[in-house]
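The first chain written gets the first letter, and so on, giving A, B and C; residue counts start at 1 in each chain.
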Amino acid sequence: MGGWLFDPAHWSGTTGIPVRLLEHLGYTLLTLVIAAVIAVPLGAFVGHTGKGGFVIVGLSNVLRALPTTAVLILVVLWAGLGDFPVYVALVLLAIPPIMAGTYAGIRAVDPVTVDAARGVGMRESGVLLQVEIPNALPLIFGGFRGAALQVVATATIAAYTGAGGLGRFVFDGLALQEFGQMLAGAVLVALLAVLVDLGFAGLQRLTVSPGLRPVGTGGTK
Amino acid sequence: MKRIATAVAAVMLLSACGGDPLQGGGNNPAPTDTIVVGSANFPESTVLAEIYAQALAAKGVKVSKKLNIGNRELYFKGVQDGSIDLIPEYSGVLLKHVNKEAQEVSADEVYTALKKSLPQGLTVLDKSSAEDKDAVVVTKQIAAQYSLKSIDDLVPYCKELVFGGPAEFQNRPDGLPGLKAKYACEFKEFKALDVGGPLTVAGLKDNTVQAADLFTTDAAIKANEFVVLEDPKNVFAAQNVLPLVNEKKASQQVRDTLNAISKKIDTKTLLDLNQKLSSPDKPEPEKVAKEWLASAGI
Amino acid sequence: MTWIFENWERFWEVTEVHLRLSVVPVLIGFVLSIPLGWVASRSSTARAILFPLANILFTIPSIALIVITPVLLGVKILDEINVIVPLTIYTVALMVRSVADALSAVPGHVTAAANAMGFRPLRRFLTVDFPLALPVTIAGLRVATVSNISMVSVGALVGLGGYGQLFTEGYQTDNSAKVFAGLIGTVVLAALADGLLLLIGRVLTPWARAGR
């Protein structure tokens, strides 16, 4: 694997490592954005009103059970090749952890705090946006980080139906029985996952109120 | 404590329902009189494997199937380690797989060379007249645009064109290296798609690739009016369908049954089988094989 | 859906294999994760090593592990072990955290009381700590099981059985009904397994429902 990974030929050109890395990162980030747009409002609304929690949990479980390979193939067969099927499959994968994290985070906000906010005259939207969500951020971030890990790992499969990303090295390596290439692909995916997670951890540090940082062991991560 | 014991027992009972969980059907090596029939990762190979398997089963031979494994680079290891005993093969490509330097081109020469080159313990039975070759295929529009009839005509344009095919095409002696050696044709870019499947067909249709590797008996060629470029320099040698078999499992009965099948299969058979498999109601290969065996009187 | 009825034998055959390939890793992985999770719950050094390691293991693409396993273990390429080992690794990676968190969450005063009553460590673990840790552990087990059931399909890319075979064959022949049949099978199997574990959890923890 070292041989393949450090061969300079594999670092240049349209099929080189940097290109594939960026493609893979691109799939991941755009997926997380789309999933967030869908999952955060849903989880937040249900968490805030307290109604329909059962639906959220049920929906999460169903989506979690969907085999990504099958979703990818079905969308390809119905809509043709390209990146669209990849995003459909990955977004469906990312929604459950983000939705569950948001829902759990909002539910976990101390009712006393929420009550106090209402007590000082805040409107419901204010309560949600200025009190509940900021307090729920650790768990929301937890959801995002879990989703990110899964998306980075699973985006590898997209190469099966011709997409780009690091999965290309895995599948081409498989077809050519070149274990060096395959392993390199796998290692790069794991590395990218670690980097993305670190990125989120940094973002979390910046945006989450210091008052919510876990003290001692047994914290959020 | 009691509740835990009950639960543990329940779980063990459930797992016992499927037999010893670590001994799946097909996991442990099959008893020595069972023939394991494998197939490659494209429908034609699967239907041929089904034909072999069903014919043998009808003669009372014990058969187990492991279909849709992968490409030759992958499944050949299974043939060598005994996981698979029998698999439908194509003479020319198989020869190049076991002997990269092989230069034989005609059906008989390829067959003789193949028999000599196979590793110990493996052999091929009689070849059929049915042929399914890799080919360089272009769309009708591209053929018209560049006036293409054979690969020779393509040579001046290779550098501007993107070629699509299975990933292994890049390495095989009868793949890109062969095209380069015999025609001095080097493409601008190679896109790894699939084994003559939906990805490759789509790639041709939407012009992601201008030329691709498809199989000559693929129903998609006729359906999409693709043009198969002629191969006068014979990068692609004769590709007769024949059974690759583990000698230890090739009893006389097995040989006779499979040879009888090979006598009855010709290229038109392959075209028909592929046509049926891709028809709108998508019949299972098992059914298509059964119908063919019935019509062939085996 | 009609595909399932028209090809019932094949569907059932595929279901059996899929079930076996998902259940075995969960069972073995669960058993392996108990001692590891226990160590992680007692020692923050162990936790600092095991948790990140588990995270990284989980991001290694399953297809890569499945192909490397025969090379590493020297087994035949079509051996089911090639799917069972990677999925067991994933299960352990998922469950170590669950078990660790679950054991850490056991109230200190309960374990103290048990110790005061003279429980030896092993007996205390089996009859006090572990049962109290069950709800969180089972929650983790449910996630691991559903995740495994979904991941088994990747094995089909190297010829190993399960619903994944319906996906690859359906893809090659443009047969979305077949792919859909496999999808339904997977989801139903996951729902049944999840429900079963939920039930087992309820049965094993009557105290959690008392006093509601």
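The rule is simple: contacts are C-beta pairs under 8 Å (C-beta built on N, C-alpha and C of every residue); 3 or more make two chains touch, one makes a residue touch a chain.
These figures come from a predicted structure and were not determined experimentally.
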Under the touch criterion given at the top, what is the topological distance in steps from chain B to chain C? 1
Give the chain pair, either A-C or A-B, that is connected by more C-beta contacts. A-C
Name the chain whose C-alpha centroid is farthest from the C-alpha centroid of chain A. B
For chain B versus chain C, what separation do you get between their C-alpha means, in angstrom? 35
Between chain A and chain B, what is the gap in Å from one C-alpha centre to the other? 38
The distance between the C-alpha centres of chain A and chain C, rounded to whole Å, is 21
Chain A residues touching 2+ other chains are 76-77, 161, 171, 174
Residues of chain B touching at least two other chains: 70, 74, 77, 194, 198
Interface hub residues of chain C, defined as touching at least two other chains: 156-158, 171, 174
Can you tell me which positions in chain B touch chain A when the two form their complex? 70-71, 73-74, 77, 166-168, 170-171, 189, 191-194, 198-199, 202-203, 206
Provide the residue numbers of chain A that touch chain B in the complex, in ascending order. 14, 76-77, 80-81, 161-162, 168, 171-172, 174-177
Okay, in this complex, where on chain C does chain A touch? 44, 47, 51, 55-56, 58-65, 67-68, 71, 101, 104, 143, 146-147, 149-151, 153-154, 156-158, 163-164, 167, 170-171, 174, 176, 179-180, 182-183, 186-187, 190-191, 194
Contact footprint of chain C on chain A as seen in their complex: 61-62, 64-71, 73-74, 76-78, 149, 152-154, 156-157, 160-161, 167, 170-171, 174, 179, 182-183, 185-186, 189-190, 193-194, 197, 217-218, 221
Would you pull the chain B residues touching chain C in the complex into a rising list? 1, 3-4, 6-7, 10-11, 14-15, 18, 21-22, 24-27, 38, 41-43, 46, 66-70, 74-75, 77-78, 81-84, 194, 197-198, 277-278, 282, 284, 286
